[in-house]
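Next come two complexes, and both contain chain A; in the first it sits with chain B, in the second with chain C.
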Partner chain A sequence: MSVHRVVTGSRNGLTDWLAQRVTAAIMAVYTVIVLIVLLGGPPISYAVWKDLFTQGWMRVATLLFAASLCWHMWVGVRNILMDYAKPEGLRLALQVMTLLTIAAYLGWTLHILWR
Partner chain B sequence: MKLSIYRYNPEKDARPYMQDYEVQLEHSDRMLLDALIKAKAQDDSLSFRRSCREGVCGSDAMNINGKNGLPCITKLADLPQHVTLRPLPGQPVVRDLIVDMTQFFKQYHSIQPYVVNHEAPPERERLQSPAQREELNGLYECILCACCSTACPSFWWNPDKFVGPAGLLQAYRFIADSRDQDTAARLDNLEDPYRLFRCHSIMNCVDVCPKGLNPTRAIGKIKDLLVKRSV
Partner chain C sequence: MSSVAAKKNRPKYLNLQALLFEIRLPLPGWVSILHRISGALLFLAMVWLLWMLDRSLSSEAAFETIRQYARLWPVKLALLVLIWAYCHHLCAGIRHLFLDLDKGTELASARLTAALSIGAGLALTAWLGAKLW
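The block that comes next holds the complex of A and B.
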């Protein structure tokens, strides 16, 4: 049985598998909180929305959600690339592009939340 | 009954083709394998594996109307009048319905399918309590027919790196065995990104297993053990 290492973007499958589940739970909790805030509060308007996002806890919760989404997305896209992008050079290039795109989105989210 | 059967002889045919057989069933014909044997009586160039003809040896696994199964235990009464038979998907075809199982068995051997115990063997056998023996139910019954692994897209994409449901069911069978002392090494062997973690729990394996086994549950238990020892 060949045991040579292949480019996967991960040294160990467990961390990513577990991370995917934990980040999914964080996203589910955030979704419930946002639904409660939006449905339980006054009718949504620009002022209400802006007021909501000036609160520190909402910014931190949203950042946690965005970070979870990014990590979740990385594991998912990496899984797809592992299955379908067979040449290792191509896979590495696509993985780097994915990571850069995710980092850009996360940076953009930070900018939106704290500008 | 009409059988449409995948035919391919690499020595003669440029490409595979489907051939139809009209089979006259008799009252004593109960299983799909009976019809298949009648088709072979018409055309002895038709090739397929079969041995025990009662779902124990696992050699006649094939794709029956789009779903993997064993013709020897597939009742004719449960099938439509037109049945399409193809080789197990994703495997190299040796001829007609016979596939090359080398990769499947390589993966099976890679999980060390035997009890590893470093203590001196007792005079008689290593005993288990009834509860310990119970742990092996639903695991030891696997006949290695490959219906599950060849129904698994992860095994289609990475047959050389992903152990596949059959191999992983057996991996857990030895992890769960109270007489085995190699659990840590067995878990190490599965912790890379491919061997175990290509399973995304789509449960095609459970859907097709002719013995009614549940590889997804066994895979979940291996993942649980990996999580427990790492946190």
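The block that comes next holds the complex of A and C.
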């Protein structure tokens, strides 16, 4: 007897649920820190901007933000696709495209940070 | 349009008029759907935001070009929409975390925090917009 298994894009819903919230908290903290640094510092010129993104802590914090964002986006977009993209083939195709897009975003971010 | 009494007991099906004018989404429902829309918008716009970050950090001339670019009104408008999307998503997200902890699930408080989320999102957008330009 064969069992029809639906591809949802998730292996463990609870892990995704928790990850979405932990990554959200990380991004919220980053947002506050960056706002304080930017609004509390001198007017933003190229020198100020470049200097900020050359500092080690900022690179690591931004990488942490980007990694959190990628995971968060995957859970969020996957939820949207599970709700609206009902045909399995279409959903699978869109999910693969989403993953590729997120991977490209992360690669680009790494390139920008450590150029 | 026929009388209200005649329409009362008929089953309703979704047409554009019903969707736009007759079915009223409660405020927490608006927070929820805007949370989703703002998230999707940010995901799609990420390519544009990364491009601007990339250019702005590549050289002084490119930085100035991006600064001028951000002053064009269509760009400014799009950026404001994205800033709103970020702020709303953040506020609705914080509200969601409290709901996860079973805080604010009563009707009255759910409505209040929904209004607060929408208001705070708009206020943050206005404040950041004023700071940026």
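In the analysis below, the second predicted complex is superposed on the first by the 110 of 115 C-alpha atoms of A that agree within 3 Å, B and C clash if a C-alpha of one lies under 4 Å from a C-alpha of the other, contacts with A are read in each partner's own complex, and residues count from 1 in each chain.
Here, contacts are C-beta pairs under 8 Å (C-beta built on N, C-alpha and C of every residue); 3 or more make two chains touch, one makes a residue touch a chain.
Keep in mind that what you see is a predicted model, and the values were worked out from it rather than measured.
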item	value
First (chain B), second (chain C), both or neither touched by A:Ala67	neither
First, second, both or neither for A:Ile33, with chain B first and chain C second	neither
Partner chain in contact with A:Val48 - chain B first, chain C second, else both or neither	neither
Touching partner for A:Thr109 - first (chain B), second (chain C), both, neither	second
Touched partner set for A:Ala24, first chain B, second chain C, both or neither	second
Partner chain(s) touched by A:Val77 [first = chain B, second = chain C, both, neither]	second
Chain B versus chain C, judged by how many residues of chain A each one touches	C
Chain B versus chain C as contact partner of A:Leu99, first or second or both or neither	neither
Chain B and chain C contact sites that coincide on chain A, given as residue numbers	none
Contact set on chain C toward chain A in their complex	36, 39-40, 43, 46-47, 50, 53-54, 56-58, 60, 63-64, 90, 93-94, 97, 100, 131
Footprint of chain A on chain B - complex, ascending	106-107, 109-110, 153-154, 157-158, 160-161, 191-198, 200, 223, 226-227, 230
Residues of chain A that touch chain C when the two form their complex	21, 24-25, 28, 31, 39, 46, 49-50, 53, 73, 76-77, 80, 101, 105, 108-109, 111-112, 115
Contacting residues of chain A [partner chain B, same complex]	1-2, 6, 8, 10-14, 16-18, 79, 82-84
